[in-house]
Amino acid sequence: MIKVLFFAGLREQLDCDSLEVEAGGVSTLGELREVLSSKGDTWRVALANERLQMACNQELSHGDAAVRDGDEVAFFPPVTGG
Amino acid sequence: MTDISIVVQAEGFDPGAEYNALRRENTSDGATAIFVGNVRDFSPAISATTAPDSSSSGSAVAVMELEHYPGMAESALDAIAREAAERWPLGRVRVIHRYGRLAAGDEIVFVGITSAHRQAALDACAFIMDFLKSRAPFWKKELTAGGSAGQWVEAKKSDESALQKW
Amino acid sequence: MTDISIVVQAEGFDPGAEYNALRRENTSDGATAIFVGNVRDFSPAISATTAPDSSSSGSAVAVMELEHYPGMAESALDAIAREAAERWPLGRVRVIHRYGRLAAGDEIVFVGITSAHRQAALDACAFIMDFLKSRAPFWKKELTAGGSAGQWVEAKKSDESALQKW
Amino acid sequence: MIKVLFFAGLREQLDCDSLEVEAGGVSTLGELREVLSSKGDTWRVALANERLQMACNQELSHGDAAVRDGDEVAFFPPVTGG
């Protein structure tokens, strides 16, 4: 399983802070994002936001990055700390 | 060589005590640079709905909720500090970032650096703040005094472009 | 608009208290940048004549005598601070420079800036330190632990060339 | 009269922290420097140092700058504060 986390405005849009996705058939972050987008209109719209950032195992990453069973992936809006 | 200390916490911190800790038994570094970020008492997003005299009421008005990604917040700050320590000769690096509910005037972030060289200390301080702003997983939500749902702060393009000078 | 405060004094100062004063009733400036310069415990000029364990003896060893030009020291610092306040949008500027006999670890100089913008606060802090180093009439004389005549610190070319970036 | 101050290593070289010079016949800082240099070998050598800085009425200045009766002039080595 791949653990997926959502933060901030995206978490609110999806009304979901985390879920698990079967690792089978998902080899990149981009593919994982497509799988999540297919969960419904709300998901499709929210995840279509090109400014969203992605992290894999707590490091900023990109759509081509590999993802595998046991990974922790996060999607979130551009950060605004500091 | 560089002594790096990263903390992500809900509690407040005392910049004076942090300065003292940076200087304790540290007479080899002649330079200390510190940056502190505080919650401002106004924002374009909430100024229209906040009474102008609300800050003078004497009660602490919660104006911000800071969300973070536990685990990644710490590791992102640590990676930024390590990058700074590779670029400049630094003695000590201390970064504190708060999360949770913060009121106007509260400290949000502390970056403290010691070095034998003033320019290294000041540059590293600016470098860490710039990368923290665009690479550390924290998100600000501004809350009105009335306690309504609040509004997420938009990331500024100027923060992303600030990275280019490094 | 900018609140500028310049002090030249023999007495020590407390950076924590200075930070608190910069923040007091100041919720419009979200950014505070501070630089503190301290006396280092070694110097090429005196290392040959100082025992390596002298810093662990517990007694305060006078290592530096700071001479200044009374009157001009204050006005030079004030002019530098005013120049910074013209270049950047600053809320408060506080500069403290000590003179007289200082021991290893002692604070020499404090520059504290508040601004609505982090880059302005950090840049102004670096700017003031750079100009203070080359334009404010202070002179350091390093004294050996034995109390001999001492040696004047040579001005560094890197300090003069640091001004060119501004 | 023009009040003249010396600081730091220069003060020690000259064994003098201040003196007064007749303003008559001295119209620039450079001329004042020449008058002082003529006070003897120690003065000539010390004031020949090209790195010396000058201030007139507590502002950094240069040899061409005008000086007049009542001014306060200072000579000193490059500053090393901070």
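Letters A, B, C and D mark the chains in the order given here, with residues in each chain numbered from 1 onward.
The working rule: a residue touches a chain if its C-beta (ideal position, glycine included) is under 8 Å from a C-beta of that chain, and two chains touch if they have at least 3 such contacts.
Model, not experiment: these values are computed from the prediction.
Participant: If you take the chains that touch chain A and keep only those that also touch chain D, what is left?
Facilitator: none
Participant: Can you tell me the least number of steps between chain A and chain C, where a step is a move to a chain it touches?
Facilitator: Contact-graph shortest path, chain A to chain C, evaluates to 2.
Participant: Rounded to the nearest whole Å, what is the centre-to-centre distance of chain C and chain D, using the mean of the C-alpha atoms as each centre?
Facilitator: 26
Participant: Counting in whole Å, what is the centre-to-centre distance of chain B and chain C, each centre being its mean C-alpha position?
Facilitator: Here the centre of chain C sits 24 Å away from the centre of chain B.
Participant: Return the distance between the CA-based centres of chain B and chain D, expressed in whole Å.
Facilitator: About 49 Å separates the centre of chain B from that of chain D.
Participant: Where in chain C do residues touch two or more of the other chains?
Facilitator: 37, 118, 129
Participant: I need the residues of chain A touching at least two other chains; which ones are they?
Facilitator: In chain A, the residues touching two or more other chains are 82.
Participant: Based on the touch definition given at the start, go ahead and assign the chain network to line, ring, star, complete or other.
Facilitator: Shape = line; chains linked end to end, path left open.
Participant: Which chain pairs here would you call touching?
Facilitator: After working through each pair, the chains in contact turn out to be A-B, B-C, C-D.
Participant: For the complex, give me every residue of chain A touching chain B.
Facilitator: 5, 7-9, 51, 55, 58-60, 74, 76-82
Participant: Within their complex, state which residues of chain B touch chain C.
Facilitator: Residues 14-17, 19-20, 23, 26-42, 55, 104-105, 116, 118-119, 121-122, 125-126, 129, 162.
Participant: Considering the complex alone, what residue numbers of chain C touch chain D?
Facilitator: Within the complex, chain C touches chain D at residues 37, 66-69, 71-72, 75-76, 97, 108-109, 129, 132-141, 152-155, 160.
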